[in-house]
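In the two complexes that follow, chain A is the common piece, with chain B as its partner first and chain C second.
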Partner chain A sequence: MPLANTPTSVPVVVDEDKCIADKGCTVCVDVCPLDVLRISDLTGKAYMKYDECWYCMPCEADCPTNAVTVNIPYLLR
Partner chain B sequence: MVFEPFEEESDFELLEENLGDPDPAVRRVAVMDLADTADPMAVPLIARAVSDESPEVRLQAAIALGEFDGLETATALCQAMQDGDNRVARAASDSLSELKDPEAAPPLLTLTSHEDPKVREGALLGLKQLRRPDALANGIEAMKDPVAAVRIQAVGVVGYLKAEEALPALISCCRDGDPDVRKTAVGALAFSKSSHARDALFAALEDENWAVREIAAEVLGRFPLGDNAQRLIGLLDDSYWQVRVKAVRSLGKLKVTAAIDRIGSQLDEVTSNLRKEAAAALGEIADPAALPYLEKLVDDPDPDVRKNVRWALGQIG
Partner chain C sequence: MLERLEKGMDDLRAGLNEVDCDLLVIGGGTAGPMAAYRARKKNPNAKVILLEKANVKRSGAISMGMDGLNNAVIPGHSTPEQYTKEITIANDGICDQAAVYKYAQECYSIIEELDQFGIRFQKDDNGEYDVKKVHHIGTYVLPMPNGDTVKKALYRQLRRARVLISNRYMATRLLTGKSGRAAGAIAVNTRSGEFLVIKAKAVIMCTGAAGRLGLPTSGYMYGTYENPTNSGEGYAMAYHAGAKLANLECFQINPLIKDYNGPACAYVAGPFGGYTANSKNERFIECDYWSGQMMQEFFNELQSGKGPVYLKLNHLHKDTADHIEHILHTVERPSRGRFHEQRGTKYSEQMIEMHISEIGFCSGHSASGVYVDEFARTTVPGLYAAGDMASVPHNYMLGAFTNGAIAGEHAIDFAADVDFEEFDGAAVGIEQERVLAPTKREDGIPPNQIEYKVRRLVNDYLQPPKVTAKYELCQARLAEVREDMEERMMVRDAHELMRSMEVASILDCADMAAHASLYRKESRWGLYHWRTDYPDSSDEEWKCHVLLSKQDGKMACEKKAVQPYIIPIADDEKDAYYKQRITAQA
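On to the complex of A and B.
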């Protein structure tokens, strides 16, 4: 799977101000069926490590703080 | 990665400790982790979080309690339902609707006359699924509530109990000023096969709201064949295709051969849903008199209609 080099251009974007992964939350990482989300060792926040997405949405829907946004490509909407 | 089941008592101790953390995000994550254990031992701890000073933690607790059942869960949810934060109250109400254990009823029964209509509505919503006969009196009383949303849930509680003694109250709700209450009440009459219920359904077929007529047409299809057939045939002139669809389906279920020509005329309708259901109904009636109508639709542009037509032709043989 291709590594996501620029986190802002990947489909799953995490608002670091809202993310509480540094407090122990791992919901988005746990629900992702492709296992492409990770908790950053640097910031303690969730981020998309691999640029691969099914747009299945549970990471966005289940996030307790609404920190995750999945940007669905126009042609898939 | 090795999956580690949550079974250590020390894990609970850690989560309990985290519930007292000064950081609300840590407390919130502790609530989430407690819910993930699916262990009833977590309920008292989550119940404590319902009184947390942070609305986010209280919200998480209200959501988390939806994973559990029983009296203690219901008591905590009843408290959460009275929370000043609307999100917490709504989440508690959603979680209450997941309760299945009849033992959870007592705290809900006390809240059906609460001053806040949202609380009354949530309590009735929770009671509906529990199907406790002792909720009947509360349900019937709440059917007179000034708030329509509460009356709808009350009709649900009473309807789920399928009690003949509640029939007069349900019939009275079929004449409610609010169309959603009428719709729910008409749907709730499905359990009874009495002439009183049938007459109320006949009256509902004349309701000004199409959704009420639609549900009445559907419910009448579950009654034994009688006067309802002629009433349902009359409904095939309704201006709403949704109502006609249900009338057609009911006539099919009741196998009303006298309705074949009228159902056949629905096969010319623009709405393919209606053509599809009409074809299915003619198949259910399975009378050769329907053949000319069905053969016209063998090449219908809608594949679902063609499928039902083939099935119907097979039924007639």
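On to the complex of A and C.
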């Protein structure tokens, strides 16, 4: 059985102009309890790879450049 | 599959390393850091490893902090004897008081220690602790004005005490020796799938609640009350290691803000005059402290046609309501403010709709946990448990800290007197094969679908009221899903591998929830164990613990007598928590 890709709109959004992951920062990836953030090979910026979010906010609170915003997942809003 | 993937984060890599230590602490949330810290303080020469599935800086139930202590026993406000009595009554008599009493005696010194760490506790104008009454009988709730700094303060102490921290390692099985003693654990790196065998003279488990058991009604799998990282590994590992688990049928079910699924925090709002109300603006329970008896009244109100149920603050002065809102939106679950903003709800203007959470195991709020005594010892020698996963009832954050400290100090002394326990080396290979099986398949079912199905079945069949026929159906369906998990689950990277290991814990916990609930043929703890086939409590037959364990490879339950009370409970006191309903409305 092949696997399908079901789209979801992710709650964690990264402002790529502010994100300094391309300069070596990994703070948001490091602190996420669910380990759902990654640095993109294409852009060098952080992004939410897995939609498995507790909307708990360490990624936003600990980001040194205020690049991360945690939204409430659509299904809960 | 392993060799054809490229190198990079989440790519699966083959690997097996081995380390040893005097004490292994599994779980770096609340109890774990305190256990590791106290162990090192007591024996500065000991090698202590703190293993964490996420990152100790921000892991566990208090990832963002906590707004207060819910069970502080502070001289001048309450006594250990009063607290022990209250929790015995709140937990419907099923309480080995020794552990609760010891907690109550020790917790004030932990408050003083946390104060030294830089965590502030609210004081009144006279410099006295500003303790609030939320429980049915006594006064135990103490606000923490800078509660958002708890994890940072803990982390500083761990660094100072030079605890060895291993982040992003998920323990999957405990190792036990030929005598049955704890010998260490097997862990998997959550970003590479590489294995780590940790040999230890003593092991403390602090892996939190089984919070990903039921499915939130929003349908969002990670929108749970508990931090969803807490997927029940401790319960599953303890079970497979032969430890006994207590009163798993005493589920955790909480009154929460609907959809957001976070605490409505009557504990914070209550002392200011906020309360739980029905749709007619009427108060229907006297006490907003979370107990099964209170949840039963909550459930009854929802069924009565007077629902929904709300958190009511809009009768308070706007400044008061805004102040409460500020506390609630800053600490513990700060995204709550964003949720209400989007909904356009202001606490000073509207009542906030509440509902009943999904089920879980969590002794922090109820009583379902790995059985421990007053020294946090499980029934497996050398194996300890503390925090939400250990059986000390209604233990909350301060209980995790206090019992973590007790466990750390006892375990490090235990480790000093023993050598490494020999274990069967084949266990590691067997575990590698089990964990990696989903990586060997080219085709199959992804873990998220298996998890969704398990948790949907939990909601459909296991949520109280508990009906025997539904429970038996659930067991049959869970057995089918287990076959799918064992034969057909497929993962593509290390992240999915972590999820697949979590699914195994969730499924084990679902089976344990069903098994323990069917064994106790009475109703107790209000909604937590309401069996429609046995609607009454029977003290004669069931005023005992139910212990679940693995016997000859299968789940088995037994009764264990409640230890004679240290603090006696009078006949006219024992049902106090059943007298919650307000009958005559003002």
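The criterion applied here is as follows: the second predicted complex is superposed on the first by the 64 of 77 C-alpha atoms of A that agree within 3 Å, B and C clash if a C-alpha of one lies under 4 Å from a C-alpha of the other, contacts with A are read in each partner's own complex, and residues count from 1 in each chain.
Here is the rule we go by: a contact is a pair of C-beta atoms (placed from the backbone, for glycine too) under 8 Å apart; a residue touches a chain by one contact, two chains touch by 3 or more.
Keep in mind that what you see is a predicted model, and the values were worked out from it rather than measured.
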Margin query: Let me test your reading of the model: by the given contact rule, A:24 touches which partner, first (chain B), second (chain C), both or neither?
Written below: first
Note to self: Once chain A of both complexes is superposed, is A:32 in touch with chain B (first), chain C (second), both, or neither?
What the structure shows: second
Next item on the list: Go through the superposed model and pick first if A:70 touches only chain B, second if only chain C, both, or neither.
Entry: second
Notebook entry, point to check: With both structures placed on chain A, which of the two partners, chain B or chain C, ends up touching more residues of chain A?
Noted result: C
Next item on the list: Have a look at where A:50 lands relative to chain B and chain C in the superposition and call it first, second, both or neither.
Entry: second
Item checked: Sites on chain A touched by chain C in the complex -> 1, 3, 30-35, 38, 49-50, 52-58, 61-62, 70-73, 75-77
Item checked: Touching residues (chain side chain A, partner chain B) in the complex -> 20, 23-25, 27, 64-65
Next item on the list: Spell out the part of chain B that touches chain A in their complex, as residue ranges.
Entry: 18, 23, 25-26, 28-30, 32-33, 56, 60
Note to self: Help me check something: in the complex, which residues belonging to chain C touch chain A?
What the structure shows: 9-10, 54-55, 57-60, 63-64, 168, 190-191, 218-224, 227-229, 259-261, 333-335, 338-339, 342-343, 443-444, 446, 495, 498-499
